[in-house]
Amino acid sequence: MPASTKIISAVDLYRTMYTIKECDDQFWTLMQSGQVVLNYYSPRGQEAVATGICAALDSTDYLVTTYRGLHDHLAKGVPLSDLWAEFLGRATGTCKGKGGPMHITHPDSGLMVTTGVVGSGLPIANGFALWSQINGDGRVTACSFGDGASNIGAFHEALNLASVWKLPVIFVCHNNLYAEHTALAAGTGVTRIADRAASYGMVGVQVDGNDPLAVRDAAAEAVARARAGEGPTLIEAVTFRFRGHQFGDPGEYIDKAEMAAARERDPLPRLRARLLDEFGASPDELTALEDEVRAAVTQAAKDALATPEPSVEELFTDVFATTAGGAA
Amino acid sequence: MPASTKIISAVDLYRTMYTIKECDDQFWTLMQSGQVVLNYYSPRGQEAVATGICAALDSTDYLVTTYRGLHDHLAKGVPLSDLWAEFLGRATGTCKGKGGPMHITHPDSGLMVTTGVVGSGLPIANGFALWSQINGDGRVTACSFGDGASNIGAFHEALNLASVWKLPVIFVCHNNLYAEHTALAAGTGVTRIADRAASYGMVGVQVDGNDPLAVRDAAAEAVARARAGEGPTLIEAVTFRFRGHQFGDPGEYIDKAEMAAARERDPLPRLRARLLDEFGASPDELTALEDEVRAAVTQAAKDALATPEPSVEELFTDVFATTAGGAA
Amino acid sequence: MTTTATRTTRASFRDGVNRALDDAMASDRRVIVFGEDVADREGGGVLTVTKGLSEKYGTSRVRSTPISEQAIVGAAVGAAIAGARPVAEIMLNNFLRVAADQLANHAAKLRYMSGGQTTVPLTVRTICGAAGGFGAQHSDILDSEFAHVAGLKIVAPATPSDAYGLLRSCIEDEDPCLFLEHLKLYFGGPKEVLADVPERIPLGSARIARAGTDVTVVTYSQTVHDALAAAKAVAADGIDVEVIDLRTIAPWDEQTVLESAARTRRIVVAHESAVPFGIGGEISSRIHEELFSQLAGPVLRVGSAHTPVPFAAALESAYLINASTIETAIRKATKA
Amino acid sequence: MTTTATRTTRASFRDGVNRALDDAMASDRRVIVFGEDVADREGGGVLTVTKGLSEKYGTSRVRSTPISEQAIVGAAVGAAIAGARPVAEIMLNNFLRVAADQLANHAAKLRYMSGGQTTVPLTVRTICGAAGGFGAQHSDILDSEFAHVAGLKIVAPATPSDAYGLLRSCIEDEDPCLFLEHLKLYFGGPKEVLADVPERIPLGSARIARAGTDVTVVTYSQTVHDALAAAKAVAADGIDVEVIDLRTIAPWDEQTVLESAARTRRIVVAHESAVPFGIGGEISSRIHEELFSQLAGPVLRVGSAHTPVPFAAALESAYLINASTIETAIRKATKA
């Protein structure tokens, strides 16, 4: 079913966002208690971006994301249990525990690559889109990256190539206003990252990244453009990162007032309020949804913690698909 | 003497341009006759760009250029004899014959780096400008590159960093409309390369690269901006490349009509005509100048051909400046 | 098994590569080709290696790219995972240094990191080596720079038929392959008559380029020809040299090398890139590890100078390994 | 010559690096520092290694950069030629793969290509190595990837005082230096009392980390500590191990290694990055070349697995070289 005709209710969006938030909360709690030790990059605050983008994508469409990818993984449909197991390095994880949170791959849900190298996903996303274009399979590839990534060379090369070849790809900048500890303006020569699209003759749009409906609408337009053969789009979704760069980052470089203002725009309470006020949801319905999500996440966490780590033999598998003749 | 007060007459510009053209002609003749075998990237057609830029620079200012750098080398003041000797790989060359045409360095004239890797000069140019900024030496760094280079990652990273740090650097795109055999539009997502400056909050100007006076004026503004601490400028000088990408390239991918139209804009006859018409030069004066230049170039060529290649011991010198204790 | 040759025209190295691409594209629609200037509008590559392909298979499958090596290799990575068999051209291997992240951090690792869910069957073709005064930034051979990376296969043919056969194997292989084409082989390398359907050469299998009994020279790429010349030179003095052309650098054919080394007990490893921290260190070490007590003397290594590649012709030739460098090493080995 | 220590606080590896930068900046105004997040507004680096520097020396000389590794290393190249002593930080050495062109095609070659007219006295500091589940793209050690490049010096300290002394030497050296800091040394590496004016350690000189007579272990960086642990373990069985900490990988201290090898006749080379095509191949080959007939057996090499670095803790520790890997090799060597 093409995304354009896919009907995703605002409640469904909320469910996805709540799942992301709940996973994040539970990871956080496990790390704080010391039960789990993880290099963890929280997407808390950015739930609406992933949710809105994926609402406009089919399950067969592709997504390429980054180390800060939990929101993307869940929104694209990576099953909770497999994802949890991979985050914890278990044999039952999406990648048998070999990839870890920074390297989730789950082709069944179209989550193709998660990279830990800033900016490197964009050229790879082009490759998926290129094959779709040649192959005529009608798929669209979306690619997530941060504001800081828009300053690296790979961003430039990828956007230019996508434009010249009119690839069916959507570049999604999750502009959370910080790159590690560096504020946007300290590292970026432009105020609106969407404006960089002009360097490539590409459509660039800035959206409120805390509004999943706005993100979804922008994504749906971009998807339609891509499927129509009209080429790529750069979407800049402006949002925030509530939990610092990574677990353990006290975030001292963030001004208190700035953080407080950002919290006012927290996409979760905002959508929840709209569901009640505009979309006619009832408080009970939402509480039930939240309970259900929480239970599912709790179960996934429990299951993952109970599954074994991969066996040591796995160290040597999957390096090569085919072993050459005289190979060692 | 700051460039802004430097008085370079139109005749001086013509002398530089004619020197470039004459060198190019003589290299070409030597290669065609088989006397010299060289990987040679002709700047024929682009004389006005180098000449105009360097007319706005002091000799202590820095220039970083590329394999297609002969025009820059000469305009920046690298001595004819040393340059010829280096192009022919002689011991008396600027770099003792070890660098060759793609790697001319001559600090005395501010020609700091010539790189053979597309786009790689731009980040290096920033480094010169960075030290000038910290050091307060008032120097400006100019950096030449091609239209094709504006699609590589290093371009993007360098312009962004220069903007964020307000470096005293001028990025000069010699837009000769081709990158090797690929026409501008086939590889570049934007029509005016100067527009890419907007991605970095930088001033971008497009000038007629066949008019040395226009180039000089644009460069003088950029130099003034840089010296005033107001940061970098991107100058796009639109020009053409009359002799294909490199010696031996028949240029079949270039449309005849396109080439003919470009020849109409050949900067040399154009400036010559203006010298006669607008600047009151006499035909005799110009012929004398041309004869003089030709004689000087002929002499440099003769001298270079007569000098020896470097001795084989030179192979092992200059790898390191200091040899470490237990080094092999 | 050698197919009987029926064509009589002699194929150059370029022809071998071009035919491999052509045959691969004809036989598998998943094969796509891209790189700077590779389409026919741009002349089919600066060395015309891809000439005719875009006319035959269309500009969708054969594309010239902007000068964007990260975008080129990255596109190959994504397309390979998606199901294509991309053959990306990086004009010269020195430029792989701007795209090393895509090759070494991504192509080589994505299969492993995904727990085997995805494969990355891409081929990166690139020219390497010193010839004709291209200077320090255009003449390197990045063999050991990439051989250390787990997950990459590295291939370096010496002849037109190996170029054909190995390139077909790379394209058909499920893993990322780096295909190193020495510039000199494009200018004056040996020609061969290719069969109508030339055979594929399996990856990881070496070739005895010359059988001999006294000394083994292990080498690959252009240097094979220097080694053969050296073997010829010493044959006059009754020294019978075995020349092994590795063909695949990683994973290399240890078995063939060790068997030969056990026989001759005298070994020289020769390659164009510098000796220190080069490919020869691995080969030498493995031979010592396996055959220490059987060797007549230590494995010797020869290569070009450990300097950047100089421009001047006299320096470039002093820099380069050549038949006489190898000959000297062979004579030294026989003294042991 | 060891300066008498007067401070009593014990310095961590981080302290060694931080003090080297601080002292270098204080003593030479040409020293400048830049990299991602290195200024104090950004916390003085993600590991607080550069903390205090921008406050002390100003944000002109100590700058946080955008995420632009090519721009970072390129700026170091240009500034170095212009007269500065730049110390550029690349957060993790895996990211050098996006900047390899600036380091290997430019920094390493510009002196040579200019015929000695310009020098490139830059230092690139970067974290390397596997520790704590960073996975395949954050845990490599790019030692052999850069050691093969002529014109680069590569340094890999194992202790706080060597970190200090070697970093000062790198900054004062006229050539481009790559300074590899193992992540593990930042977390639980040994502490030392540093002198008020700690001594500089010359580049290219190894350190006998433990004197011994039976077997020589040649190693560097974090693995030195594993080798010392292995030496301790076998000492109980009367095996007396000499541990050589190379400290500088390129150019390495052949003399110290060969002297030790000639004495013990049994040698193990140990490093964290994989054995195939690794640093050990060079060291092993040189020892065989020089001491073939004197050795009791072949030089043995040990390293981590030749795979991408896996994520799961159990796999990461199975992947990694450790004291017991080295111990096994030592015992094997003594059997020869």
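When the chains are written out, they are named A, B, C and D in that same order, and each has its own residue count from 1.
Heads up, the rule we're going with is that a contact is a pair of C-beta atoms (placed from the backbone, for glycine too) under 8 Å apart; a residue touches a chain by one contact, two chains touch by 3 or more.
Molecules present, by chain and UniProt name: A, B = Acetoin dehydrogenase E1 component (TPP-dependent alpha subunit); C, D = Acetoin dehydrogenase E1 component (TPP-dependent beta subunit).
Just so it is clear, the structure is predicted and the values come from calculations on it, not from any experiment.
Between the chain pairs B-C and A-C, more C-beta pairs are in contact across A-C. Comparing the centres of all chains, each the average of its CA atoms, the largest separation from chain C belongs to A. With centres set at the average Cα position, the gap from chain B to chain C is 36 Å. Averaged C-alpha coordinates put the centre of chain A at 40 Å from the centre of chain C. Rounded to whole angstrom units, the spacing between the C-alpha centres of chain A and chain B is 45. Rounded to a whole number, the gap between the C-alpha centres of chain C and chain D is 31 angstrom.
Within chain B, the positions touching two or more other chains are listed as 95, 97-99, 103, 115, 117, 120, 151-154, 157, 160, 164, 186-188, 319, 328. Counting partner chains per residue, chain D shows two or more touched chains at residues 65-66, 68-70, 94-95, 98, 101, 105, 112-113, 135-137, 150-151, 276, 306-308, 310-311. Against chain C, in their complex, chain D makes its touches with residues 70, 94-95, 97-98, 100-101, 104-105, 108-109, 112-113, 135-137, 144-151, 250, 273-274, 276-282, 284-285, 288-289, 292, 295, 297-301, 306-308, 310-311. Taken together, the chain C residues at the contact with chain A in this complex read 32, 60-61, 63, 65-66, 68-84, 86, 98, 101-102, 105-106, 110-119, 121, 150-151, 153, 173-175, 202-206, 248, 251-256. By the touch criterion given at the top, residues 37-39, 89-91, 95, 97-103, 115-120, 148-149, 151-154, 179-182, 186-188, 245, 252-253, 309-310, 312, 314-316, 319, 328 of chain B touch chain C in their complex. Those residues of chain D that touch chain A in the complex are listed here as 36-37, 41-43, 46, 64-70, 94-95, 98, 132-138, 276, 305-308, 310-315, 318-319.
On chain A, the positions that touch chain B within their shared complex are 151-157, 159-160, 163-164, 186-191, 195-196, 198-202.
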